[in-house]
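Quick heads-up: structures coming right below.
Two complexes follow with chain A in common, the first pairing it with chain B and the second with chain C.
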Partner chain A sequence: MIGLVRAELTKFRSVRGWLVGCGIAVVLMVLLAVVAAAGTDARVGGPGARAELPRASDGTPVLDGFTFLQQPLAGDGTLTVRVASLTGVALRPPTPDEPVPTEREEATPEPWAKAGLIIKDGTTPGSPYAAVMVTGSHGVRLQHDFIHDLAGPADARWLRLVRRGGTVTAYASTDGAAWTTVGSAPLATGEMSAGIFVATPPHQEYEQFVGGTSVVGGGAIATGTFDNLTGPGGDWTMVDVGADDSPNRPEGTSTRTGDTFVLRGGGDIAPVDGGTGPKLEQTLSGGFLALTVLAVLGVLFVTTEYRRGMVRTTFAATPSRVRVLAAKSVVLGGVTFAVGLVAATAALLVGTAIRGDNAYPADALTQVRIVVGTAALIAVATVLALAIGTILRRGAGAVAAVVVLITLPYILSAAAVLPAATADWVLRITPAAAFAVQQTVPEWPQVDQAYTPAFGFFPLPAWGGFAVLCAWTALALAIAAALLRRRDA
Partner chain B sequence: MEATIEVNGLRKAYGSTVALDGMTFTVTPGRVTAFVGPNGAGKSTTMRVVLGLDRVDAGTALVGGRPYRSLRTPLRHVGALLDASALHPARSGRDHLLWQAHSQGLPGQRVDEVLTLTGLADVGRRRAGGYSLGMRQRLGVAGALLGDPPVLMLDEPFNGLDPEGIRWMRGFLRALAAEGRAVLVSSHLMSELQDTAGHLVVVGRGKVVADTSVADLIAAASSDRVTLRTTARTEAMTALARVGATVAVTERDTLTVDGLPADRVVTVLSEAGVPFSEIAAHRATLEEAYMELTRDAVEFRATEVAR
Partner chain C sequence: MRSALYAEWTKLRTTAGPFWLVVLAAVLTTALSAVAARAVSCAATGCGVDAPLVALTGVQLGQAVVAVLAVMVVGDEYRTGMIRTTLAATPSRAILLGAKSLVVAGATLAAAVPGVLGAWLAGRLIMPGRGFTAEHGYAPLSLTDGGTLRAFAGSALYLTLVALLSLGIAAAVRDAPTGVGVVLGVLYMAPILVAVVSDPDWVRRLRQIMPSDAGTAILHTVDLPSLPIGPWPGLGVLALWSAGALLLGGLLLRLRDA
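Then we have the complex of A and B:
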């Protein structure tokens, strides 16, 4: 088998055009990284500037703005409240004639509108907290450190937070008598702010259809009505945490009528979605080009042998044709993995160097994953191309098949040509699903946004998408092997 | 390993077209066996079957008593040249041999040896796409010799060779056979194998038409034809016709007599008192003998093509 691999390696390296093809793949990938990085340059300081946002403990950029009625909490303590109601209004987008948006006649809150209890280390945006809340349509939740979200009962209206040492435990109840535990969260000891809050993400409607996309959105205001409030004691003071002048962030207000408190405002306590801003994987957006070039090589690696009749020399030298197919796969996979690794590493480094770290953050492990994943994606896709070339024996047909199976589904989905639902399915069932290895932005269950391929979100996780490609490749190799055994050479 | 090729009862059909129809013959070591027949007679198909490339509907093909596909490093047992143009034009001749050597676990040094042996040492590092057909044939022979195999099988190795190349190839094949190898060489031009082949397997329409030594074949094709030079043409014709011979006039003083051995012709003419100046048993060329044999087996006759 070693001799066979050496034989196939000799075949590959002795055709200069194929080596040139490998070089072209690297150049294309770096070139697209430069284009992608230069394209995002215009956004520095704009909405893409993530550096100014507060961060969660793991570095995720977050939103931290809400209407907060609070008392100081020195040590252990308990807070209880009943959320009598949570309603919302969506704001019309501001126009030049109407700089202050008017309210639309809608009383349903955003699904992730929040009203509840919170203990927070001061009122600076980004500080640690633990909160239990009623939401617009996701029931009771316990959230802390922006990125952690735990579901509680769906219909409870009574909330309780108990702070003991470094732990905060949340309870919920439908009647204020029988309590169930929602969960607990770690929170440092020392004096903090504790009280009730209201927040709501802006309203967004996203639609993607053949020929275009439509985005409708605007600010929103949530109104929470609270009673039966008990806290650590002291004066209730209102803080508009993280307030800014944005028209989508109306001023927070708080009114008290007897024991009933009404809090009103916008903002959100949640991770920033990574979909719309610059993403690290954009430096690897040339991956599909490199893949296509190398997949053509993969096809030619076998179909030229058929075209020239050289395949008879090959099979006369090695009567076990399946072993030949295996050796070709090993050589092609190995060579293109190395080429892909060089290309992806160079693209990431060049792209990052040009753009700086103005992207949704990705830790070192994620960076390694997208680079190695891209190389593996290219390598396995090239072996798939080899198998298709073996099955069809014709270069043109096999190249067309590879483009239709891998490149087109990816481009049509990622470039928002296909409707979002179709794109989602295309990226589940075609080998292009493996481009999921490039996704860096996480999907947050507690954040509503367009989690579609056009925004860099794949329907399958990285390993799942890669597995789809591997399954296609295994199937194609099995068919190719069966045909090789049966056919005359 | 025994240096033989044994082909037994090969049958193969492509749809309704019968390619092999009970092909049976044996190639023995120490001589060049010519594998001749018209185009489409099944020569190349048989060779592909021997090499395990094509399947058959029935029959067996063994090399040194074993099926080719059971050989681990087959190029060490059988060297074959099927199609000299079957190479990647961008690859150098040396690399074309090198990958084959690697596949058999042979060292790269062996590649340089066979390049020298076939006179390609100077052009080995050039792109094979630039090779003439003659150079490609030599490269193909070099590939067949890589594993120093006891059995060689060459399909139309004379194609595209210039006269010097043909002479070289003949000598080369004779030398390989003289080393004790079994050498099977196919050709559709019998004349190329004159003075080279010791044995002859003639095929037509997918089966063996004749399996004979070259000496026997020529003797058989030459028998009972006598050329006679005489001034008494009419008397000679009368005397010979009376005993059943067929006589034809070829020139003014020359007759061709069919159906009577030379010694009988002499007796008949002597008894009849007919004078003659020269009598010669006709000796057929290998090509004439071959044409005689395949007259019925030629797949596409000129008349059919013309129709």
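Then we have the complex of A and C:
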């Protein structure tokens, strides 16, 4: 078998055009990375977002803006409140004729509008916090450090936060008498701010049309009415947290009538929507061009043998045809994996160098995953091309079949030609599912956004999507092996 | 010229591949269009879906088959060595490429016309059941409507121009698999580029010059002013690409030995 692999390797590297093809694949991939990086003017967090977004403890860029009525809390303490009501208004998106948006009629809060209790390390955006809240339509939640979200009872209106040492425990109740524990969150000791807050994500509608998807949205204002408030003691002061970062946000207000507090404002405490901004995997979008070039090589690797009659020599030397196919697959997969690795690494480095860190952040492990994943995707797709080339024995048709199987479903889904539900389905069953290895933006259950392929979200996890491509390739190889044995060369 | 044309027609007619590719192109165009028509839905008035454009989604697939057909008309001659006989019979490279262009255009139209008509039929039959009804402001797709007729007739022209582009590229690279790779790379690159580039000026420029994106402007029927390029100028851009590819192919055919 080793001799066979060496024979196939010699065949591959002794054709100058194929080595040139490998070089072209790398160049194209880097070239597209340059175009993608240079043509980016969007920002993470959408237009108008500031350059340095606050970060959660793990580096996730976050939004941290809310209307906060607070008292200082030095050590341990307990806060209790009843959220009498949470309502909301959506604002129309601003238009050239109407720069200041008007409020829309309906008064249902956004699903993730929030009103409740919070203990936060100061009022600087991005500082640690723990909060228990009533939401628009997701019941009571305990959230901390922006990325952690824990569900509580659905219909409770009474909230309590108890701080003991380095832990904050949240309770919820329907009547203010019988309390159930929602959960607890770690929070450093020391003097912090504690009180009630209101926030609501902007109102967004995703309009999908053939050729693209756009986000149509205006701001939103939530109004929370609180009573039965007990805090650590001292004067209540209102802070519009994070207002400096988003000048378009409606101004937060707080009014007090007797023991009833009404807080009104926008903003949100949550991870940013990663789908609409620049993403790291965009620098690897040349992968499909590299894949097209290498798929041509994969097809030629077998069809040229038929064209030149070389295949008869090959089979005379190695009568076991399945072993020949296996050796070809190993050589081709290995070579194209190496080429893909070089191309993807270069593309990522060049793209990052041009664009700076203006992309949704990805840790080192994710970066390794998308580079190695892209190389593996290219390698397996090239072996698929080899198998289809063996089945069809005609190069032109085989190249078209591979490109159409892998690229077209991706284009139809990611360019939003197909509706999101169909696109999800297409990216589950076609080899294009393997592009999931490039996804860097995470899905957050506590953030409403369009988790569709058009925004870079794949229905399958990275390994799952890659497995779909592998299954297609395995099937094609099995058919190719069976046909090789049955047909004359 | 007539004898060259006759010779090319005979070659195309007497090999099995082109016939099946014509059938395949028509069937796949109709099939993907039917799938897309089945997938979209319109919930209310003003859902903003361009119904003829959806019904023509199959063109995205049909163009790949058409490209294979056109590339093989040249690529197969190089594969089998037939090209030497052909050039011996028709020494003028210009006349040869002209004859091949006409035959390829004819064969493509033979695939495109039934394919596009099938897409129209699929759209007309399926889309009313998906909410594209008179209440939501959609009349059944009718070829007597100016915009719809332009989209459907234009997509047949689009496929023909793609075939000519492929023919030119094939004459330049002289190898069928490579030719198909180049053509499909060029055609499918545009939507991926547009998806990753976010600067609106760049997107606009890309969509004006990329052959598939500018060419498919002809498929649009609604909100034409918002397109980066008009339907007919867009098809003109694709025609320029095709002419350029044929010129390059013809030049290389003349300069190189077969």
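Please note the rule applied: the second predicted complex is superposed on the first by the 463 of 489 C-alpha atoms of A that agree within 3 Å, B and C clash if a C-alpha of one lies under 4 Å from a C-alpha of the other, contacts with A are read in each partner's own complex, and residues count from 1 in each chain.
In the analysis below, a contact is a pair of C-beta atoms (placed from the backbone, for glycine too) under 8 Å apart; a residue touches a chain by one contact, two chains touch by 3 or more.
Keep in mind the model is a prediction, meaning the values are calculated, not measured.
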Check the residue A:399 against both partner chains and state whether it touches chain B (first), chain C (second), both, or neither. second
May I ask you to decide whether A:236 touches chain B, chain C, both, or neither, giving the answer as first, second, both or neither? neither
For A:315, decide between first (touching chain B), second (touching chain C), both and neither. first
Between chain B and chain C, whom does A:289 touch in the aligned arrangement: first, second, both, or neither? second
In the overlaid three-chain picture, which partner chain does A:488 touch, first (chain B) or second (chain C), both, or neither? first
In this superposed model, does chain C or chain B come into contact with more residues of chain A? C
Per the contact definition in the header, classify A:3: touching chain B only (first), chain C only (second), both, or neither. first
Residue by residue on chain A, keep only those touching chain B in one complex and chain C in the other, then list them. none
Applying the document's contact rule, which stretches of chain A touch chain B when the two form their complex? 3-4, 6-8, 10-11, 14-17, 304-305, 308-310, 312-320, 488-489
Of all residues in chain A, those that touch chain C in their complex: 32, 35-36, 39-42, 207, 209-210, 278, 282, 285, 288-289, 292-293, 295-296, 299-300, 303, 307, 394-400, 403-404, 407-408, 410-412, 414-415, 417-419, 421-422
So in the complex, which bits of chain C are touching chain A? 17, 36, 39-41, 48-50, 53-54, 57, 60-61, 64-65, 67-68, 71-72, 75, 79, 175-181, 184-185, 188-189, 191-200, 202-203
If we count contacts the way the header does, which residues on chain B are in touch with chain A in the complex? 48, 51-55, 68-71, 74-75, 80, 82-83, 85-88, 90-92, 95-96, 98-100, 102-105, 143
